[in-house]
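The next part holds the structures, each set out as structure tokens.
Below, subunit A partners subunit B and then partners subunit C, in two separate complexes.
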Partner chain A sequence: MMEKLIEVKNLKTSFFSLGGEVKAVNDVSFHVNKGEIVAIVGESGCGKSVTQMSVMRLIQSPPGKILSGEVLFEGRDLLKLSTKEMRLFRGSQIAMIFQEPMTSLNPVYTIGNQVSEVIRTHFKCSRKEAWDIGVKALRDVDIPEPELRMRNYPFEMSGGMRQRVLIAIAVACNSKLIIADEPTTALDVTTQAQVMDLLLNIVKTKGKSMIVVTHNLGLVTRYAERIYVMYAGRIVESGTTRDILLNAKHPYTKGLLKSVPDLYEDKDVALIPIKGSPPSLANLPDGCAFAPRCDYKCEMCLTGKAPELVQVGDNEHYSACLRNGKEEF
Partner chain B sequence: MVKFIIKRILISLVIVFMVSVFAFFLMHILPGDPVRIVLGDEASVEDVNALREELHLNDPLISQYFKWISGIFTGDYGTSITYMRPAGEIISERLPKTVSIGLPALIIASVVGIVFGTVSAVRRGSKLDSALTLLSTLSLGTPTFWIGILLIYVFAVELRILPMKGYMGPSDGLLQYFKYSILPVFCLSLNMVAGITRQTRTNMLDVINQDYIRTARANGISEKKVIFKHALKNALIPVITQIALQVRVVIGGSVIVEQIFNINGIGMLLRESIFNRDYMIVQTSVFFISLVTVFCNLVVDILYGFVNPQIRKSGW
Partner chain C sequence: MPEKPLLEVVDLKKHFPIGNKKEGRAVKAVDGVSFSINEGKTFGLVGESGCGKTTTGKCILRIHTPTAGQIIYDGADIATMDDRELSPIRREIQLIFQDPYGSLDPRQSIGSILKEAISADHKRHSKIEINERIRELLEMVELSFEMKDRYPHELSGGQRQRLGIARALACKPRLIVCDEPVSALDVSIQAQIINLFRTLQQKLGLTYLFIAHDLAVVKHIADDIGVMYLGTLVEKMNASVFHERPLHPYTQALLSAVPTTNYDVERKRTRIVLDGEVPSPVHAPSGCPFHPRCRYATAKCREEKPQLRRIADNHDVACHYVFENLNKGGC
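The block that comes next holds the complex of A and B.
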């Protein structure tokens, strides 16, 4: 049994607005082992980013609120930490890398100022020492001429370089867990591969763990060891990357896989999209949230509670569908 | 940066020139003859003509303009027709009074406005925020003269703790200065506080929702630093412009405030001189006011360069 670095249990986060309660994260549980790369996959608005923001306790409140659950990081429940303890946890134990490198750095301060500020927040050191650690971190993420780059402003750097700076902060602070929220979505394709390879390299050589949040199945299959598939605020299937790709049980996962183009297959095979669109999280249907779009639904799917995750295979393969294992489809 | 400053100075010179042209010709377009106003309707045609000749009012407008503007550069600001004294002398007598009311008003308004706006944005949706928003909306909508009259009524007439009107400068003793200037300064700054508060609040709210603020928080930066280091500097960039624009409001406002509190400053002089068609005083005052305004804008542009590295580094 591998040691768990972080374990999220029954997390529920909602946003309260005039339109009612939006259940963005609805009873989500997952874990990441030490040294492991885990992907959380789902469409836009399925709650995958909110889940990570809840883990970091960065949900704007109001309107958002973490209603219940536990976030155990090396056994400690982050949701029970004081505001200050949690603040010092961010950046030092868990680093987060966001989708928009272009706007994720403060435009009026130099890279060096921002990098060493974070270092000085988490380590007792002089300005000079923090600066040197920063230079070393920039070098670790393959930024050329790091001494010069430290004096640059964000607008003098490309998107890929800025994303590297954000990764460098995680490296400099020695975070045990990196949460990468769509880290490459805003970058062009060649840069995407470079940034992902860099992240992978850092995770593997420095013994870190990583959660990749993405809607891009193609991206995660190359890097992740396990995958969680999210739909409408819930995890609907989880398992090893191999199990998910070759032996998906949930109709939503199967749908996702069918809608990814395959370079090696016949070019003329049309992609099969999933019909319809995801339900509003403020107004979820009874029963399975995916049922209205599902080709295999039956009467039972449309009533009662949402189906629970059930083990459907070895290697911790779980799926939340009433038909799991009962009938082929 | 040097190139940037030189460019800004050149543009400012062009603006000052254009303002001088406007100030001169607008005054001369106004109907009414200054000589008739001074000498009265009974004056003989000969007297009128003699005075017109003496003041060069019979010369072509263009040559009058060049005479005036070249005088400005040599320190000769012409003669005030109402006072029959050099215009420069009169203006320099009145100016310190206006500055001693206007400058504190501007400084206080900037500081208070930025503090109120920041507090309002950080505590968005709280009772304090609602109260500040209500207050600033109210004071934006209330005319300065009405507030002035109200203040005089409450503090001078009813409570009798402050003088009703008049002026004492800092040279007359700080306590006296304070007593006489507190109401006019308050009156003059009220509108500006409201404007700056709202501008700061809006910018601050906008900045707080930016990705780099989320990054700073996700990196464990303390909330104090997030607000005062990361958010405020970005939010203040437009506020600086707002403050520079207030210089104009101070001058416009001083015309009203000086009237209410009976302060013999530039505002009052300007009002009188327009009615008296005192060309030299009006032209010269407007010219110097525009010079101050343009200078403030220049300073702001240069400050911008320091606050915003993108402007500084691109040379524009």
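The block that comes next holds the complex of A and C.
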């Protein structure tokens, strides 16, 4: 039995706006084992980022509120920590890497300034020591000439370099879990490969765990051990990468896989898009949120509560669909 | 007998001068690109950001005036034409942008946006004619006619891109330059728009220049693909052999870096991860632009810039050592 590093149970986060309650995260449960890379996949607005922000307790309140649930990190419930305790927790135990490396770095401070600030928040050390740890952290993420780069400002670096700086900040404090929110979306393909390989390398050699949040199923094929697929604030399918890609059960996952053009497929195979567009989280339909776009819906799908996750295979393969296993799609 | 190309680009160059005039320095955004597109076909231009693919598109649209080279559209060179000669051709070559929201006026209703494009031919149209044409255009892109009174902010990303396509179609173009038309969209919507592009091409006989960085998307839609690196075309080939026989070391690396959802392929294939980053075009390397990052680079690559050479049917590569790499079995 693998040891769980973080376990999220029945997390619910909503935003209260003039238009009513927006249920961004709706009863989400997932876990990450020690040393594991887990991917959370979904389209924009499905709640995948809000889930991670809730774990870090970075939801702005108001309008947002974590309504219920538990976030157990090595057995401790993060949602019960005081603001001060949580502040120490962030960065030292869990680090986060954001999508836009330009906006998450401060443009008026040097890289060195920002890297050593994080180090000095978490370790008792002098400025000089923090600087040296920072140089080492930049070297760890393969930034050439780290001593010179420490004196650069963010605008003097390329997108790939900035993303490396964020990774350096994340690993400098020896956090056990890295949450990477769309870490490579803003980057070019070849840089994307470099950054993902770097992250994989850090996780594997330093015994860390990682959650990769992305909309790109292809990106995680190579790296993730398990995948959670999110749709309209819920996890609709979860399982090992192999099960999700080769043996998907939920109609949404199946649709997603068929709608992505693949390099290794015959080009005459027409793409089968998913009809319509995702529902608004402020105004979710009754029953299964995917039902209005689903080719296999029946009357039961359109009423009552959203379907629960049901085990559909070995290796923790779960899917939230009423017709799971009852009838082949 | 090969068909006559609708568009032929010959040794296109676009240099942007920088610094003071005496120095004569320039960013060579596009530096000698040649390709041709037959009527009703799609040419896909791929490359990473800053490789000059958008500048190439803008030169063809004559948003930029090329520094050198020829752009032969339907038998006439449009690279050197003045505005008056260009004006009828401008309607025939249309553009679809990446960001559908940024390219629509937020204060104009959808009907009004389309009306403006329809009236661009300076002919008299009655109200009924225009309404009919709007209905026809919206139907073509699978939007309902009732949409015409709405505003861009009321539309979803996919709907906005459909509107962008409808606007481009309003002038009855023959060639459409699509600049990253699906990269801002969600995956499930992307497929809808890609399919729409293909249906429209079959129905209207359109010719596309499809510029994108997503190789899988380009491979899916294009007949021929050109791979750009630092302002030059390094490889040009038929889309169907794209993933099987990449011969330029850059294409090989690019392809191996593209993520795939094909589980079995992903576990088997080997990856070439390039060192470093694309150099700035201000300080473009001598010789072959790719040599500082190339695994096979030699002294010759540093000095002499390789030209595109035909090495197989419909397959051109700009590499001195393409035959040696061929023998190695490529990637």
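In this text, the second predicted complex is superposed on the first by the 329 of 329 C-alpha atoms of A that agree within 3 Å, B and C clash if a C-alpha of one lies under 4 Å from a C-alpha of the other, contacts with A are read in each partner's own complex, and residues count from 1 in each chain.
As a convention for this text, a residue touches a chain if its C-beta (ideal position, glycine included) is under 8 Å from a C-beta of that chain, and two chains touch if they have at least 3 such contacts.
Everything numeric in this text was worked out from a predicted model, so none of it was measured.
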Clash or fit, subunit B versus subunit C on superposed subunit A: fit
Touching partner for A:Asp262 - first (subunit B), second (subunit C), both, neither: second
Touching partner for A:Thr121 - first (subunit B), second (subunit C), both, neither: first
Subunit B versus subunit C as contact partner of A:Met56, first or second or both or neither: first
Subunit B or subunit C, by number of subunit A residues touched: C
Subunit B versus subunit C as contact partner of A:Ala282, first or second or both or neither: neither
Which of subunit B and subunit C A:Thr241 touches, first, second, both or neither: second
A:Gln192 touches, of subunit B and subunit C: first, second, both or neither? second
Which of subunit B and subunit C A:Leu271 touches, first, second, both or neither: second
First, second, both or neither for A:Leu219, with subunit B first and subunit C second: second
Angular separation of subunit B and subunit C about subunit A, which is computed from CA centres of the superposed model and rounded to the nearest 10 °: 80
Shortest CA-CA distance between subunit B and subunit C [superposed frame, angstrom]: 13
In the complex with subunit C, residue positions of subunit A that touch it: 43-44, 158, 160-161, 188-194, 197, 215-222, 241-242, 245-246, 255-257, 259-265, 267, 270-274, 277-278
Touch list for subunit B against partner subunit A, complex: 125, 210-212, 214-223, 225, 229-230, 233-234, 307-310, 313
Subunit A-facing residues of subunit C, complex: 48-49, 156, 158, 186-192, 194-195, 198, 213, 215-217, 219-220, 239-240, 242-243, 253-266, 271, 273-274, 277-278
Contact set on subunit A toward subunit B in their complex: 56, 58, 62, 87-92, 95-96, 98, 100, 103-110, 117-118, 121-122, 153, 155-156, 166, 169, 173
